[in-house]
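Once you scroll down, you'll see the structures, which are given as structure tokens.
Two complexes, one shared chain (subunit A), two partners (subunit B, subunit C).
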Partner chain A sequence: MLAASAEEEFSEELLLKPLPDRKILAHFHFRNEAPLAADSFARHHHLFPKSISQLVQKFHIKAMELSFTQGRWNYERWGGFDPISSHNAKPPGVELWAVFDVPQHQVDASWKNLTHSLSGLFCASINFLESSTSYSAPEWAFQSALGSLRYGTLPREAVCTENLTPWLKLLPCRDKAGLSSLMDRPSIYRSFYHSQRLHLIMPTAVSDGSKSGIILEQTLTVVLQPNNQKASMNHVGETKIQPSWSLSSIFGRKISGRCVLAKLSNIYLHFERGLVTQLDNLQKKSSKFAANDTGLTWKHPVVWSSSHAPLYASRFLMGSGNERGAIAISLKSTEMTKGLVSANNVEERCKLQVNVLQIVPWYVKVYYHTLQLLVDERPQVLADFVERMRVSPSEDKVSPGVMELVLQFPCEMKSAVLSIEFDKGFLHIDEYPPDANQGFDIPSAIISFPDFHAGLQFCEKSQSKSPLLSKLQERSPVLSYTEVLLVPLTTPDFSMPYNVITITCTVFALYFGSLLNVLRRRVGEEERLLKNKDAKKAVFLRRMLNKLSAKLRGRPSESTPSPPSSSSSPFVSPKLILRVLMVAGIAVAWQYYSQ
Partner chain B sequence: MKKKKVQWFWSWVIGSVILRLILLYFPKNLNLSSRPEVSTPLTSLRRLAEGYWLKQSSVSPYAGSMYHGSPLLLTLLGPLTVTRVEGQPDHLLCSLVFVIADVICAMLIRAAGEKLQVAYSSRLQFLGLHNLSENSELLPSGDFAALVYLWNPFTIVACVGLSTSAIENLMVVLSLYGACSRLTPLAAFGWVMATHLSLYPAILIIPVILLLGYGPDAPPRKLFWQRKNLDVGNSTSSDSCSEEEAKNQLKMAHVFSWRLVVLFLFWTLLWSSYVLVLCGIYVQQYGGLQELFKRTYGFILTIQDLSPNIGVLWYFFAEVFDFFRNFFLIVFHGNILLMIAPLALRLNHRPCFLAFVYILISSMLKSYPSVGDSALYLGLLGLFAYELKDMQFSFFLFSGYVGVSLLSPVMHNLWIWRGTGNANFYFATAIAYACFQIILVVESVSAMLNHDRMLTKLYTAKLQNVKS
Partner chain C sequence: MAEISDSPTTSKPVEENTQTQTLELDTKTTRNTKPGVKRLINSVTVLFSFILGFPLLWKSIEIYRAPLPFDRIDSFSSQIESKPFSFPCHFQAIFIGFDFKASNADVGAAIARRMSDLSRGGDCGGGNAYSVVVVNGEGEVRSVVGKYRHAWIVGRVGAEEAVGRVAEVFVRVFVNGGDEESSVRSEFMPVGADGRIVLSFSLLNADPRDWIYDWDFREMDETLLRPVIEALQPIANITVESQVLYHTPKSSFSYWDDEHGSHIFRTEDLPFFVNSNEWHLDTSVAAGGRYIPSAKECPLQLELPNGEISKTNGFISPMWGGVVVWNPQSCIKDLESKDPVRHMISPQDLQKLFEVLMGQLRQLLGLKSDNLYVGQSGTSILLGSERGFTEWELDVLSRKHICFNLHSCATTLGSLSRLVQSLPRMIIMEEIGKQVKYSLEAAKFAQSNASIGIYDASAVSSRQSRSLAEDAFFHPSIMSISYYSFEHCFAIYSPFFLPVTMHVLLAALREWKRYKQENRKYLASKAKEKVS
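Presenting the complex of A and B:
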């Protein structure tokens, strides 16, 4: 068999990294690779999860990423320039993007089916992404050049073990053996930040451009506080020492052994450059390796900081009240841009390109013409800085608003604030979620720096076979997410529909009744005249008709002689026929249109 | 005396313009442009600016759910929203357009009022009710209505708050003025533009046709027939000169001049095809006229935007169950149409008043009402000050309007800004406002009918005097 030439491969790796603020980053990386045969739809896989391969086959997925995140990645303290933060720092809740290999008009249908399948697969409400109000198709600010991309987030989604268990089920050893056996649920969900991610790629073969296989990357990124009672008891001066930890102390479990199905199971310790130079100065690197229980013991206080993205992005709301407001995205320069300025002093003008992707739900009605830019706290003309701009305004109950911006800033810029005004929408009572007064979430904006690439360089080339390390070495644009914004929206009274309906209808009935009453009221002589007419009731109708026709002809009706009382003719009058015909016509039309 | 009156009138007009200009120079337009009473999704200038911006960035101005107005308004006002005069308020040019529209509107109301008054007193004199005609001449209803329109706080607020309803009102008044002065092209233009801008003035075609056919408001037609009978009865007693005049008057009163109506319909056809062609050119690359109608008239008729306004429908449709939505949409819009025929039958001798009642009803039942609409009918109400002088509850109504217009912002503030009240508070003021409008329409129609009854009574008494 030809397909057998490429074996299914599985590798498990764990990267541990002390963070400057006394926390530990644990990054699990599982990679599953399977060759893709033409008839592999019903094929049995040895290691690769069948559900995923079926998903790929069915919906023609080119690439896909699904992440479940709880907590917020602290870009200031935990770094924003390394591959882990660019790839694994995700917005809270669920984020899903997928690129499909289908004709344009089928993309939406594929997306809808995919959301439903994933929803079932991961026990999450990903199916809410099916509605066209919750996903969008960003064109170039995010994962560009991949094709028909759909992107959607659910910031409100609560992530819990029920999402982790199906995710673990995709691993060949589940959490019974290998590194995944470390995943003790309480310690993971106690963490400051955890993000479980599933990334599917279909690498194309160099030779013929066809797909060669599926690569499934499953990563779990956890930021934990080492549970060190000694440190908390220490004096103030000594708390600067990083807490010592071992795998068993932070996860509360030990590794029982490697997963035998894995081609590779490694644990890496990652020290940042700042830390390494500090350690070199101290010349005292103290780490302890027990059997399958990696740990780190600190003897001396060490201070370092992580590398930051060129600009530190944050987003906030302005204004008060439930009628309108403004979204502001603030970009602050970090020490990295200062370095850039000094490095590029010789060149004529150093530019910093920033891509912004901002998606707002339709009930936040953004006025795009109010987009303002403040550079170094001074209002600027937008056209000087905006390289490109694409806006697809939100449509009520149909689609979210998408704004993609490519901005060019001078490197010496200190801060920039983008602000845009919006009106808060008012929804129908059925459209509010059960906890309507909590507010609505605006998904994170994505800020990317296409000129900067996050990639680590390692001295040793021998390790390049490891998927995790090669992933870390990969050059990819620096990406960061802003905060999710919580917008409180006004609520109507949910208990009142009947009252509102009845009161409003009463008011309109009052209007109709009283106006009609005024119009047909008769007083005094008019009443007497009517009574006279009542006496000649038989001819009343006829007289009225005469009067009407006389009025239409503009002749006084007094002159017309009163006709003999033959109006109540028993024969089939043409009027009756006309009426019957009209009713029949309406019935036919009704029948026609209702079909 | 006349000259003095005229001077007095102009000084008040200039005063109102100066007041508007002063208010324009307050920072941020006193936040009036974002008040729900002033800027509905249809009349807000901010949404128009957004539509213009989208158009400038080569997206359809109707993409997204921001702009729902006419493309012609966009071409007219759009460039003005972006031009800034150094050192002046942001929307100065737009505001000036609205101030000018208001003043022109008031002038047209005045001219129409004068025409109405002349016609009416001549009719009364013809009937021989001289003292009544003198009474009606004492009050210059045109000037009065124009000043009511200009000094009405609702008008001022709508004008300073940059609501495009000033232009819609101008078109409505233009069509009424054109019909009063028998200028069919003008009447047709006004009607077509008003319908194009806000759809609801479409029902004004009936009063405009009646105005063109029968001439301006007059006492009930029956009295003229009686007069004619009387003339026939004692033709020998009256001199020939007045008989000729009387014949003319009778002709004016009775003969429905089809010629003008046909002309009007012709001009309507011409103007509407012109407007459609212009709109078609404008929206050609953005989905054509069908998309335009869906975005403008469809938006008006289906009430998609549920943001609060001074009407009651927003809350109703925010609360009503989804499967009843279409039913109630039909019922509420049918409510406007239902009363057209009865009113037209009963008030066909007073087409201007009929137009006033139609405007009042549509501004009460329309999907996105604003104070600009109220300003128009309150201004027109001034035209019938003489006939409606015996209206009941007028003080109650006045205090009701004042009370609602003071309470409604308070309730809005409590609900939206402070969060201490809920939507029902604001809805209650909207319901109260709707009730006051209902009382106004019912009472004004009833007062007008009573006035007609009074005329009939006086005239029959006079006839009996003559006969005896």
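Presenting the complex of A and C:
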């Protein structure tokens, strides 16, 4: 790590790398360095952004990384073993971790304040990381910063220009000049993957171990598709030819000039060493370097593949229904482990160490005893492979569940699957986010390989002065993120409380009304009235029966009880008919209007 | 029930029918027993218990509103607005070489009379005594106001004139700070609620491709600003920040003027000078910006309304602070070297700029930026202090600070009380009530302390009252709680109360009607009986 100098320094660099699947990786790297003088830090600055330095001073941040990502890094095609993929391939949404230089009991308070400040600074909802259910303190996944590290992700955060603009404001030239003027918003947000990152480091001086300065690294990693359809359309054979591109064709803008404040502004092209030597042999490499518009034209089909991480990790959900399920993390060996086996088979058994960090929100209730391991599709005893394990179970509405595993696999292993079962919990009606039916995200698991170090070696011409190249040469553990999982939880009918209130009130009202009626009832009087009515009804009934029997016998109806009928019929029929008519009318009207 | 079901099976329905009809006819018109009141009492009791229960229900759905002292807030703000505060003043006038016929008391009374004539709305006085020494001597009359709380008037001066001058120095200079428009400015004082001022200085390079200028602000901070900060310590905690910004063009155009040989920016365009999109300055603090024009518009001068060129080349923009345009020595761009050279602004230039910035700071705080006071009875020279602020000026500032704090406390509390009264169903936490109470108490304390001349305590409690009032106004519960509306309440309770109330009301009404009817029948039959 470079020692900080006494001056504030800024450098801008861009790395361009053609990817095997005809895409282009553009990696912008801005580095801003300031000395950590006690009297003027966070007060007087020339190049370093004042807001960041004040943040560092206020919350005593030792190191911090914030990333905004959209899309998923394709580890299979774009590589998983180079420094770019292990540093700049980030989980979708927002990821934030920070190490604080404060006593243990103040770390949480500092974290909360930091999330609020960052959310204001970057126009993002980072403040949702404030609640203790959304962050945790992992111990082994990152560089050892015991206790004072906090880690949180927001997988669903949508990343847009409003996050990029404040990020650009931290650069001295913003996007007015220099490499950052290439950042055409439509082409960046049209890309397959883009990750905007802000990394704060405080390098410690070698001599006395005290902090000498602060380095702010801002990187933007974009995977773009150069758009020339001609080559691929014309000939089937030519589809293998990498598309030709130039900076202006992939970004839609040209560099107007370097940022005059930068100590260094460089553009690099990155090829595999084998490819370069091959190209040198063939003497067919044809790259043109215009003054400000770097481009690459391919004449011959070239195929290569990216280097992969030792194991290819993916994660998926198992089970169905709204009650329970299981998370499975599958690790598949890549050609790299095969190489290891062949290299090491003479010695004693070679081991492959894998660290897994899995954070689950509390409403996914994981049963840690159900953790199962299948190696080469055969169930195995967990204790044989797990070297260390740290589990902190989730606490309802307080903290998420964290599982950290250090696994040792034999190198000749083909595949391994870790599975763990869970129950889906219920949330309080207030706790559901908007659009709860979409499902809930389980943040990415982090799989790291501490024995492997991603560091590039450059041949003779490499300048050690360049921060980007020295960053790429730095040996750092290989790290990869798995997919974000979407768990559908049972979502209640959100009008339910009102329905319950309404039905309860109706039942109460019915009960109350009938009780009141019973209290008011006069049994004796009703009886009398009823007797009267029944008597009348009996006469009517008999007459009707007579009529009916007469009809059945085929005789004309006898007019035997003529006097009562004449007296009773006007008493009953008009009212009855009127009522029937009214009911029928209402029914017809109802039918008519309801249609 | 058995009887009812039995009844239709009687053998002689016709006879029975006629019998009951006659009986019914009888009961329809007459009644021999007194009508019972049991059911009436039942239903009326239920109705009454409902009516009695209603206030209980109302109480239960009531939201918590901490009682706020609205009348006290109103009286406090009206008091602040109507009569400005009076601070006690101790003035000393020392006359040397005068031969007054009148007694000392009479001279004092004359000065006081003149002073009350001069002070419209009479502002505040000081904690320590102010003194004016009048020396009757030879030569032209000269009036000098010193660094501490003294002034001298030397020269051939008549007794009457001396009294007038003394009164004017007391009122206009010592009390009002020598600034005529002080009453307008006193509204604005860039002090935060916690009594902190952040002085943020930004160096703005319009186009770094032409040239880059940098400064060593740390040195300037240590050598030049430190005494000022120490001087202002009693009024506010001051922190100083600086930054250099690049690619910051101004947002309006200037024109070339051959006569001056420079680009001219007119006063009426000044509101468009500050480019809020590109200038990432801190807001809400007293900021000082220094603008370095690009090569295209290099000698950039500001033109005053009268056509002259501004000497300071600076201006104050409300809410942004002071801006000074600083032109590089030579405006010719160095074309040979591709990279622009980084220049450092020399300490001499910095010193010069600092003087302008200091004047702007004084103006922002509501003081005069030059050292001459032109009054009705002649001009006075105001001696400057090497610390930037003289003692009597600091007195003025702290008085203004107290006034400003109490003013803003009164307006904040006033708007809080208006807000609370306009939303009758907003929840008000106990904490807000407490904060309002304490704020009022602190304000009262500040007022009483100020009126007996205890300055520091008054400043502290006025600051406290202001910050408490702001805390109450910006309490998170006021911001976030969607208030429990009456419609919501109605929607929840109506499915129960609507049908039940109908039942209860109808029952009571029916029973009452029936009772009246039956009673009438009973009375009628009784009368009939009597007649028969």
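Please note the rule applied: the second predicted complex is superposed on the first by the 480 of 595 C-alpha atoms of A that agree within 3 Å, B and C clash if a C-alpha of one lies under 4 Å from a C-alpha of the other, contacts with A are read in each partner's own complex, and residues count from 1 in each chain.
Here is the rule we use: contacts are C-beta pairs under 8 Å (C-beta built on N, C-alpha and C of every residue); 3 or more make two chains touch, one makes a residue touch a chain.
Since this is a predicted model, take the numbers as computed values, not measurements.
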What is the contact status of A:V260 with respect to subunit B (first) and subunit C (second): first, second, both, or neither? second
Tell me which partner A:R324 touches in the superposition: subunit B (first), subunit C (second), both or neither. first
Looking at A:S119 after the superposition, I want to know if it touches subunit B, subunit C, both of them or none. Which is it: first, second, both, neither? neither
Report for A:S415: first if it touches subunit B alone, second if subunit C alone, otherwise both or neither. neither
Could you tell me if A:L519 is touching subunit B, subunit C, both of them or neither one (first, second, both, neither)? both
Go through the superposed model and pick first if A:I501 touches only subunit B, second if only subunit C, both, or neither. both
For A:R528, decide between first (touching subunit B), second (touching subunit C), both and neither. second
Just to be sure I read the superposition right, which of the two partners does A:H45 touch: subunit B = first, subunit C = second, or both, or neither? second
Is A:S131 touching the first partner subunit B, the second partner subunit C, both, or neither of them? neither
Subunit A residues contacted in one complex by subunit B, in the other by subunit C: 501, 504, 508, 510, 512, 516, 519-520
Once bound in the complex, which stretches of subunit A touch subunit C? 39-40, 43-47, 50, 169, 172-174, 176-177, 257, 260-261, 498, 501-502, 504-506, 508-510, 512-513, 516-517, 519-520, 522, 527-528, 530-532, 534-539, 564
Interface residues, subunit A side, partner subunit B - complex: 320-324, 362, 365, 367-369, 389, 391-397, 401, 423, 425-430, 490-493, 496-497, 500-501, 503-504, 507-508, 510-512, 514-516, 518-521, 523-524, 526, 554, 556, 558
Could you list, by residue number, the parts of subunit B that touch subunit A in their complex? 34, 36, 46, 49-50, 52-54, 57, 59, 63-66, 225, 228-229, 254-256, 304-308, 312, 314-322, 331-332, 335, 338-339, 342-343, 346, 364-365, 415-417, 419, 422-424, 427, 431, 434-435, 438, 441-442, 445-446, 449, 453, 457
How about subunit C: which of its residues touch subunit A in the complex? 3-4, 7-8, 13-14, 16-17, 20-21, 23-24, 27, 39, 42-43, 46, 208-209, 212, 214, 217-218, 221, 239-244, 246-247, 280, 339-340, 491-493, 495-496, 498-500, 503-504, 507, 510-511
